[in-house]
Each structure stands twice: as structure tokens, then as C-alpha cells.
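Next up, some structures in C-alpha cells.
Shared between the two complexes below is chain A, which has chain B as its partner in the first and chain C in the second.
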Partner chain A sequence: MSLSSFSYWQALSVPDALKILHNEQQQVKLLAGGTDFTVQRKEGLWQDKHILDIWKTKELDYIRESGKSIQLGARTTMDELIDSAVIRKYAKPLHLAACVFASPQIRNRATLGGNINNASPAGDTLPALFVLNAKLKLSSAKKDRLVPIHEFFLGPRKTLLQPNEMLTEIIIDKLDPKYQSDFYKLGERNAVAIAIVNLAVCRKIDPRSHKVTDIRISYGSVAPTVIRAPQTEQLLLHQTLTESLINKAAERAQSEVSPISDVRASADYRKEMSASLLKFLLKNNRS
Partner chain B sequence: MARDNNKTQVVGHSPRKVDGVGLVTGTAQYVDDIKIQGMLYAGILTSPHAHARIKEIDISAAEKLPGVMMILTYQNTPRVPHTTAGQGFPEPSPYDSYMFDSKVRYVGDRVACVAAESETACRHALKKIKVEYELLPAILDPRKSVEENAPVIHDEKDSSGIHDASRNIAAHYEAELGAVDKALSKSDIKVEGEFRVQYAQHCPIEPHVTISYLDDRNRIVIRTSTQVPFHCRRIVAQCLQIPEQKIRVIKPRIGGAFGAKQEILLEDLCAYITLKTRRPVRIKYSRKEEFISSRTRHPMIVKMKIGANKDGSLQAMDQDVLSNTGAYGSHSLTVLTNVGSKTLPLYWCDNIRFRGSAVYTNMPVAGAYRGYGGTQGSYALQVLMDELAEKLKIDVLDLQRKWHIRLGQTHPMSAALGEGKEGHENPIHSCGLDACMELGAEAIGWKEKRNQAKKGRFRRGVGMAALMQGSGIPNIDMGAARIKMNEDGSFHLFMGATDLGTGSDTILAQIAAETLGVPVEKILVYSSDTDMTPFDVGAYASSTTYISGGAVHKAALDCRTKILQVAGEILGGDPASLKVENGVVTAANGKKTSYDKICQRALYSRNQFQIEGIGSHTSPVSPPPFASHFAEVEVDMETGKLRVLDYVAACDCGVAIHPKMAEGQVEGSVANGIGYALSESLYFDEHGRCLNPSFFDYKILTSLETGCIRAILVPTYEPNGPYGAKSVAEININGPIPAIANAVYNACGIRLYQTPFTPESVWRSLKEAGKI
Partner chain C sequence: MKISITMVVNGIIHKKEVLPTLTLLEFLREELYLTGTKEGCGKGECGTCTVIMDGKTVNSCLVLAVQANESVITTIEGLGDTHHLHPIQEAFVREGGVQCGFCTPGMIVSVAHLLEKSPQPTDEEIREAISGNICRCTGYSKIVKAVRKAAKLKQSNPPVTPGRKLSK
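Right, the complex of A and B next:
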């Protein structure tokens, strides 16, 4: 790969890892499943970094349920997300995102922490985490802090994470059974494709009044970071989901996205798809 | 060859591949599986500009790096105009390529080559070469190539064979039967369209790779991943200006080629460095280089018109082709003419015209790619047939059935238009197209699905295409084989034919085994070594089973005659009356002897000689295989995303020598073709730089997209082929684009004129047609 020499640590515990991060400061790059890191390093990135491997940090590998929330260790893989009954039951968008993620081989390695920290605007789990109101636990040798996911991303590959910190835990809201939720990924092919647009939606509707009592909409691949669509959500909140309202919402959503053109699709198409996929998910009554 | 009425013992069965166990257990060796002591690693510096002159090239810093052995540029290498296309001699492609030139003509063109003690040293040296370019205006759009005042891409004096260098026309061809314009103007119904196909790469899993070294007699041995070992020897000799006898080319196991390796892309450099340094050298393309610097399919714009009368009779067919050959004219003429010659003779029509130009652009170089023009031509022709049937208000199958060529007929267009020149009379001796259509239609559920109501977000439809290709190039392609008998009753089969993973070593062993009357395990195959095996043009033009197979059949017959002579001596009977079964010869009187005894006698005791046979084969005709493809698709009206739900490819390849592998060829070509139809595409920026040279964004199909591909082999007997065989390798890549396009029309009423049918492009078409 390269001629430059570098150190490689394998952390077996979180305190170990945090100590190394503390001592080495700027010089260390975390490595989890490596499905982003190795590709990027081959392309010339991170050549000057030492490597701290947390793949074997088993204490970061868990899915726990408590009260109204679920805690996930940062090292949890996509495959583990798919297999988890808790995720399937209480965090369906995350389950669905993991199901369409890459390919079986990649899903065995790709971690949730890696997907978040890679900070790609197309990361498939991110819209799901946004609508699940995820909070990220960023830990350093000195302290832990909790950051809501919508504050974490500053731009493509840019986050609030400090060099001495790592993501240890992701805490998400459980969606009670009254929520209807969904995730949709539009890609050029079914496996191993970066999303042209991805979208997660969850909503709660009062069974008597048929009014929307809670709604959360999040898009990927249509802005420099994954986004929520607050104006569109506002438009729908406390309303009945009629056809004309849904059409209005779809139009509003188009004004909330700011996509670019690339080899996968044009900005135009992404904009249009932001609207039509939202329509589709809102009309869809799958719970 | 007459039809063999006896049941065959080996042909038509599917024995284990002769190289199968070695391949799956990892003992078989590909080019890069060997390391030679003292081997140098070479790499290429490529042009970052689409069109530029090299003003200055400074290699001094690079040369000084430790481990750097040699740096090649246009300044220290022989300048020999040649073509990289591995074709029969003299090649129909222009001599417009040089080992290096002072001008670069596309992003990815050769600038320099470094050979060093390690890959790392090589990579570092490549970065240290300083090049100053004088940028020239570049042509990225083939329609601009012929414009007045367009920059001239091949302005060098010493190239030859270019149709019109001053207008950037690499090749041009016209052929007309009857009077097309007049017939078109008189036709009751006209259908026409402009069809465009994109840049695509072959994506063999093994990229181009070559290792060369000097043998103990100072000859250069080139171990290379090639489809054309003999052409490789000839072209390397030409480039290095040394006689062929100085070169030995060996083709080991190959990890796929699909046309990309019918080119001499690395061998000249590798051999030249070996010659100069006397060291073993390895050079290979990275995946990125494979995408950018190797070869691609010719992108084309095919304008086509069909005129017909109300009774459905075809009055005129007019095909007008603009082919983009990229920076060099490799295969430019022959792929161009095959657009017509592999499609137009499918239907009866008195007035047919083909006109086409292949033009230079400052884009990646196109070359041979499975389908070889037939893919591009079938798109236009088969979509227009669908449209014509619609206008006539008849089932397209009825239209196809009525007008396609059949047994015993000779299509005049086959004689008017061949491969790069006039063609040959090509009477049809076998044609299973009707059966292909019938079986395919039944398998897909044509009647019910074609007419079902279409509504809602997800709309389904079915479409079909009828296809033909050829089997080898008539009177040009030649194969030869030699068979040597061993004293245990086994045989060595030596042949030039080239197995690329295609299975030809097995198929040709089956032909030898069948003819000699032994099980296939008795045949030891050694192929594709220019020192050891007889000549063969190589693996292309769907020729191996048909042409090389014909040679093996002749060699085996020759060998068998000699075996029976000896057997006659032993058994005391007329050789003609002897019967062979499973290596045992039986005389009319019931006396028996066996192959081992026969050979032992010939080698050790009486009238001693080596029992062996030799055969060479060419063919005056190129029997077309026929196929009929059916696709069922689902269109997402919201996103434009297509899903291929079901795909049936019914193919008449004559007698399938190895049915399982023939089915594999059908399925592989269809998967390859669906990829080209839906997602495989190279994209470029406004400077001609490729935007997606990796498997991440160059989307070949995964098993999740291919859906269900069903191959149906429809047996016929081709009297000109060995044991009734015709070709099967290429034809089936030509079906997916038109079958899917026609299915989309059936599903939602839009015609698709440009590949790939990505979600966005389908969505745009839906929008433009006012369907959403």
C-alpha cells in the first residue's frame, strides 16, 4: 500500500482504546469493519495516520433495550442489526436500511459506528437514525458527551468528533407499535449500490381523529449531510393525510433538499425523487 | 461432414471440464501466479489530457530512484506504426498505433513505462516523471469529429490504412442492394429511429497481465493473458522489429476476456524491456487502467429505417451507423460492418442499405467486445420490428416468422456485406429460429402477458428479439491441431485454440475423443503455445468450436486412419471394416485389439512410427446460430427503475458439444447483456476524464439483478460444423437491449432509444412521453 511506516493497535477494551486516543491525539485513525477505511486508504487517504483497530472491542458490540430506548454499541454490524428482533420490532427503518445495505459480505463487517463516522451524505443507516432521534455517545478518556445525531454532521466527511474521542454508543427512541415507519433506498442496482436517494419516515396517527400526532422525515443523498425535512413535517403535523396534503408535502420536501449531480444521478432527478418517494411512503399503509 | 446417425458417446454429453478441478482447487496457474527470480515490475504513466503534444519529458529524477532499471518513452523506443488489434494478417484495422508517441490522444494513453525492482519503486518513479504538455483541442463527441476545422487526431505522417485521417474517419463502408430510397418512399408504412449505445468495458475478473523472460537460448518467452497468442507473436515481432522465431507466446489459464484480450496492449512493452534488460518483467493493469486504458465497446449512433407494405412485407431496410472508435482504430472497420452483416441478413427484403463511418475521438479506445457490432445493430433492428408489428396490428412473432431467413436460403446481403469488406455466399444449412420463438414464447407466457392490462405504479410487460450471428470469419479464420498417440492408448491433443475460461479445451477434447472412440479422459490437452502447438487465429468471432473444432476433427480422423492401419496389420482385416469402441478395435470376424497394444506395436516392434494426425480447417461459410429472446420486466412508474423479472433465451447453436457449458455461455452472455442494457456505463467529464473507473460506480450486475435467466437449447444439425455444431459464444449478448426495450414499451408505452436504461433515463422518457 504505502512505504510510510505506521503503528497499529488493536484495542480489546474501551478504556484501552480511549487511552491510546488520549496519548496519540491527532495521529490516530479508528478502524472498525474497515469497509470504508481500507477503500479510502488505498485511494491515498489516511496515509500519515496510525491505526487503532476496534473490531475486537467486543464490549462495543451489543443491542440493549431499556424503557423507551434502545442502546447500540458502535461496533454492531449491519448483519447483527438485521438479525435483531428488538430492532425489527421497535426500529423498523433501521432494520430495513440494514437489509438493503451493500451485500452480505460487507454487512458482516460494516458497523453502525463506521457508517455514522464515515459521514457520507448517502450513508444508509443515517436517515433511519435521524427519524429514530438517535443520540450519539462520544467518549474520551476524560468524559462522555451525548450529541443528537442531527447536530453531529458538519458536511461530507466532517463531524463534531474530536481527535481524542470515539463513538461508543448510539441511543435511539423505540417506536411504539402505533407508529408506522418505513425506509426506502433508490439505487441503480439492488446490491452494492450507493443510494441515489434514501429516505426514512415514521409517523403516528390518532386512530379517532385520523390526525398526524407525530411525524419525522429524513433524507440522504440530497444535501451535504443527511437531513430532516422540518418544514414538510410541520405541514403534516396535526393534519389528516389526504391525497392533496401529501402532494403538497411532497412539493415542500423538494424545496428542502439541495442535491448535486454526479455519476449516479442528476440533481433534477434527485429532487423529483425526493418528492415522489415521499408520496409513496406516505400513501403506503405498511406499518 | 455428413450427419452422424449413430448416437455419439462423448459429444452432446457434459463431462467434467478438463481443467475444472485444477481451477477450483487453485492449482491451475494464471499468468500472475508465478514469480520468477529477478523479475522486474513495470508500470505505465498515462496521459491526464485528452489531446496534447508532449513538449518535454524529464525522466532524470525518476531514473535516479533506487531500484529503477529502465524508463521507456517515445524518445528511446522504436517507432513502428501498427495496430493493437489481434486480427488475421494483413489486419483490416489501420496502422495508427505506436509503442509510444510524442502525442497523446486520450486520457489514459501511454506516455512512459517504468521497470523497477519492486512495484513500490515503480510507482514512485512514475510519480517523478515530469511531462510538459502542449494542450490541443479535444473531440469528445463523435458527431463533431467530421466537422470542418475539427482538430485532426491522427496528423502523423507514417500511419496507414486510415480511411480519411484529415476528417478523423478511421473506417467507412457502404453497401446497397436494390434501390432503398425509392422503396422507402413507396412503402405504406415506415418506422425509424436513432439508437444510441454507450461506452462499456468487458470487466474480465483477471485484468490484462503479462510476464516475459529470456529462455536459455535468448529467445523471449511471453506468458500472457491473451485471446490471440499467434497474432501476439506476430505483432510483438513487428513492434520490436525482430523475427517471429525469437518469440514464444504461452497462454496459461485465463480469467475471462470477452474481446478485451484480442489486443496487444502490454506484451510489446514487457517483451521490449526483457529484450533490453535481459530480465524477467511483469506488467499488469490495475482495475482503473483496465477501465480507462484497455479497450471498450464501440459506442454508436445507429439510425435505422424500415419500410413495409400493409401486408407486412418488408420493402426496405436502411442502416446508417456512426461508430466512435476512440483515439485509435482498433477493430474500427470490422465492428462497423458487422453492425449490418450480423443483423440485416436475418430478414427477406429486396432493398437493403448499410452505410457507416467509424470516427476518431479523444476518448478511450474501442475494440472487440462480445457481440462485435451485432449488439448495436440488433438494438435498432429489433426495436423497429416491434414497432412495425404494432403499426401492422399483428403479433411481432407473426411478423418475425413470416420474414426471417430459413433453411436452404441464401441471403444476398451476406455476399454484399461481410466483415470489413464484401461478404460470401452464405447458404443456410440449419435454422431453428421458429422453434426458438415457439419454445421461448411458451416459456415466458407470451400470449397472456403481452396482452394483460397495464395500470398502477408497477407495470409489467414482455418483449422479444430475434437474433443471428456467425461462426467464424469465412475464408479467413484458420485453426490447426495435432494429435499424438501414446503407448497406453491415450492421446496428446495440441492445438492453437485458446481457452479463456470458455471451456474450449474441454469441447475440443470431446471432439477428439468422439472421433477417436475413447473417453474424454484419454485426451491430454495442450493448447495455445506458439512453440509447441500448431497455428490458430485465436478465440474470437465465435470461431473456436466451429473452426478449431473442425481442425481437431480432421486431426482425429487422420490419427484414427493410422490407428486402424496398424490395427488392420494386427487383426488381418481391411481397415475400413474395423469397428472402434472405447479404445477397442473389433474386426468383422470378431477378433479384437486395443489402442494400447496398437500403439505399443507402432512404437516398439513392427513397422515403427509415431501414430499421429494433423488437421487444418477453414470454412467458406459462417453458419449463423439463431436465437430468440424474451424478457419480462417491471417498470416503476414513480422512479423509472426497471426490474427484469424473467428472461428466456432460446438458442439454436446446432448440436451443443457440451450442453452444460453451452447453457453457461447463453446465461453468461445474457447477464452481460442485461448489465449493458441497464447499468454498465463509463461516464466522462468535459475533459474526457473517466468518472467511474471502478466496480463501485461501474455497475455490472450482481446476482440480485439478473433475475431469472433461462437458457433453452434448441438443437439443429449444422452439416458444416464438427458433429453438427455452430457457435454460441456471442449471439446471446445481442438480445437483452431490444428484448428489454420492447418489454418496457409493452409495459408502459415508451420507446427507449438510448442505453443504459437507468432509473433516471427511463423516468425522463416517461416524463417526456407524458406518462407521469
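Right, the complex of A and C next:
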């Protein structure tokens, strides 16, 4: 397709966007903040696609709280997540992930929907969304469907999203503020770095028995997709976090990750750090 | 297919036809000849292309010009000029916060935005505010010092640049 026939649509409403997706399907590429798209386009990707811009789809820019859940519009930015009192109080892992995201400039443009759909195994909001049991609302002109986040990713850059669909809403469980939440991003430097390993942990400890009543652990950048570590969680559940148990859990976590070597780090280093970071976070008991 | 866009840049309204693939950075430099904003990496990593768009800093190399339609933009040219330095520019000169100068436009725009939000920032806030701006020369210490100075200068001598508002 030559540049002269290249089209750009700006969707001002969700039905608008869904109609264009329905009519154009394969030819259209969604654009939100553009922090992945523009870089990838400069590298040669998406040259043959029309652009469907949802940055100004205000309908997709919200953080709502209701009952036991929080609903987030796909167009919500990292900056908005950081500023939200609701996210800080009831979805701390997501707040912490947004705080270590890229740089102020990028956080002003980077959207949650873009981070999810870019489907990088290193995406920083993903481990947070995994421990918050996020569900994704995928909408098409015909219907909406709800997919749990752990089923959404098929591999690096591969998801269940169909060409006529877009992500409209992310629904997360509200986390009781009594949970201790931690997020750690290991990168080559603090700002503007892609994670070598990132890790979200949230846990609830019974104040009397000191036993773990709930624990959720999620790793990024150490498998083809972001993962939960169910065996490690099982090992810790209903137990007291003693030093020896924490060491055992770190060992177990190493067997649950399956990292590769790339330009940023070797597989061995990632495995080692998966254990060390878990130990570090679990030993940091604030309750 | 060209698209018609309107943008207020440094207080002046511009109306142009652009290709949808043109970046805001290319638009500013090549259509408006505002070459103060630089291109370093072109990938969001160095921050020398930083401008303020609708009250927030962005990497203009990652924003399409069509996405900035109907926006209010401030570039380095909107802060001060050779004859009337903005207090931040003044402070950078006095404190040696400029060496080769390539990072400076983006750095100063990030600092201008910081001082709008937080007129007397802590060192931690300063470092956070410029964390998306890479400087290969100064080692940052002199920049942090310059920002502290700018906060003082700005307090005692607020800039009077009519029509050059920082944010919407």
C-alpha cells in the first residue's frame, strides 16, 4: 500500500472505533499513546496498516470503583494510575508498577491497554494485573467477551485478541488495604529500562497467628508470557514466613520460571534473580 | 492522504495539512522551523525532543502530528529567547548546566514543567523530573544545582512572556 492511500481515523467514541474495526479488520492498527507503535513503525513494522487512533476516545479514559472491583478504561495512562487515590489504596501493585515505568514523558502517553496489547513478557503492569486477577473486556461490533488475563497471552506479542476486537476495559479485584503489596523491577538502570526480571507479590498475614492467609506471586520477563507461580504460592499458603520457608519458596520459584538469554541478561542470571528478588520481598515484612 | 490539523504552538495558532505518519517532532522542526527541539534517539529514550502538550511533557518523536491536532504546545522557543532568557535558562548558564547543549532544550522543558507543578522542588523531585532526559556531558549534578537556582530565580523574578503560557 502506498503512503498516499494510507488512512488515519480518529475514533471519538467506542461504537465509532468498533465500526471501523468491523469494516476494515486486517487493514487496521490500533493506536493509543503510540509509545510502542511509533517506535515499531520506525523500525519497519505496520507499514501496510491504516491507523485507528483511540487516544481521544475519552469514553475509554476512566478509573471506577464499584463493590469488590475496579474498572479501568483501556486508554488510562500510567500517569493517571499514579495519581489515582483508588489505585493507591485498593490496587497497590499497579500503583507501584506505574511508578517505575519508563520516564515522566512516556508515562504521560503510555496506556494500560497499550501495555497489555503490546504483549511483551516484560510489560511492567502485567505482573501487577496478574496478582489483581484482572479480567479483560474485549469488544467487537457484535459482542463483548471477558477473558481472564492469564488466558489472554499466547506468547511474546501473541494474544487472543481478534482483528475485529479491541480491549475496552480492565476489571481488577479490589485488594483489601491490609494486604502487603510489593513490586520490584530489575533493570539495567532505574529510568527508561526494560525489565530483566519484574515481580509483583501481594500477601495477607493473619495478625494473630502470623500465618499467610493469601499470597499471589507473578513474574515478568522470565517466561514466554508473564506468569503466576502457583506452586510457590501453595508452598507459602497457611504457613509462617520463616527464613527457611522463604529459602524453600525461592528455590521452588526458580523451578517455575523458564527464562531465555537475550541482550539484557542470561537465562541463568534471570533464574538466580527470580529467587533472590522473591527472598528480598518476602523478608521485607511490614506487618 | 493529507490531514488538516490546527495547533497552538508557543501561543501562535498554526493550521497545516500533514501526512498521518509525520511525527510532532518533524512537524515542529520541518513545518514550523522550530529547530530548538532536537532529535536524539527518535525512540523515546533520550528526551531531547521533550515538549509540553496540553499541560504534560511528551516525547515529540513518539507523538504523531495528527495526534496533536487541537493541542496547546510549548517548545523551548516558547520559554525565552537570546535576548530574554527564561530564569531556567539563566540558571543553566550561571551554574554550568550546559556543555554541548544537545540535551538542554528537552531538559529545560522538563524543568519548566516541574517548576509549574512544584515551584520549590526537592532534589529527589528534580532527579525524577529529568529522569527521562539523558545528558552525556554534565554528569547531572550541575543540572540539579541549576534547577535549584532556577527555582530561586523564578520566585524572585517570575517570567513575563505574554502569550507564552506553559499549559492549557
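The rule we apply is simple: the second predicted complex is superposed on the first by the 280 of 287 C-alpha atoms of A that agree within 3 Å, B and C clash if a C-alpha of one lies under 4 Å from a C-alpha of the other, contacts with A are read in each partner's own complex, and residues count from 1 in each chain.
As a working rule, a contact is a pair of C-beta atoms (placed from the backbone, for glycine too) under 8 Å apart; a residue touches a chain by one contact, two chains touch by 3 or more.
Keep in mind the model is a prediction, meaning the values are calculated, not measured.
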Thinking of the overlay built on chain A, is A:196 touched by chain B (first), by chain C (second), by both, or by neither? first
After lining up the shared chain so the two structures overlap, which partner does A:51 touch, if you call chain B first and chain C second: first, second, both or neither? second
Once chain A of both complexes is superposed, is A:79 in touch with chain B (first), chain C (second), both, or neither? second
Chain B versus chain C as contact partner of A:7, first or second or both or neither: second
Touching A:103 in the superposition: chain B (first), chain C (second), both, neither? both
If we overlay the two complexes on their shared chain A, which of chain B and chain C does A:38 touch? Say first, second, both or neither. second
Considering only touches as defined above, state whether A:277 meets chain B (first), chain C (second), both or neither. first
Identify the partner contact of A:66: answer first if only chain B is touched, second if only chain C is, both if each is, neither if none is. neither
Give one of first, second, both or neither to describe whether A:266 is in contact with chain B, with chain C, with both, or with none. first
Across the two complexes, find the residues of chain A that touch chain B and also touch chain C. 3, 39, 103, 190-192
Can you name the residues of chain A that touch chain B in the complex? 3, 39, 103, 186, 188-194, 196, 262-266, 269, 272-273, 276-277, 279-280
Complex interface listing, chain A residues touching chain C: 3-8, 10, 31, 33-35, 38-39, 41-42, 51, 53, 55, 79, 102-106, 108-109, 190-192
Footprint of chain A on chain C - complex, ascending: 1, 3, 19-21, 23, 42-45, 47, 50, 56-59, 61-64, 66-67, 69, 110, 128-129, 131-133
Which chain B residues qualify as touching chain A in the complex? 120, 124, 457, 638-639, 641, 678-679, 683, 691-692, 696-697, 699, 701-705, 758-760, 763-764
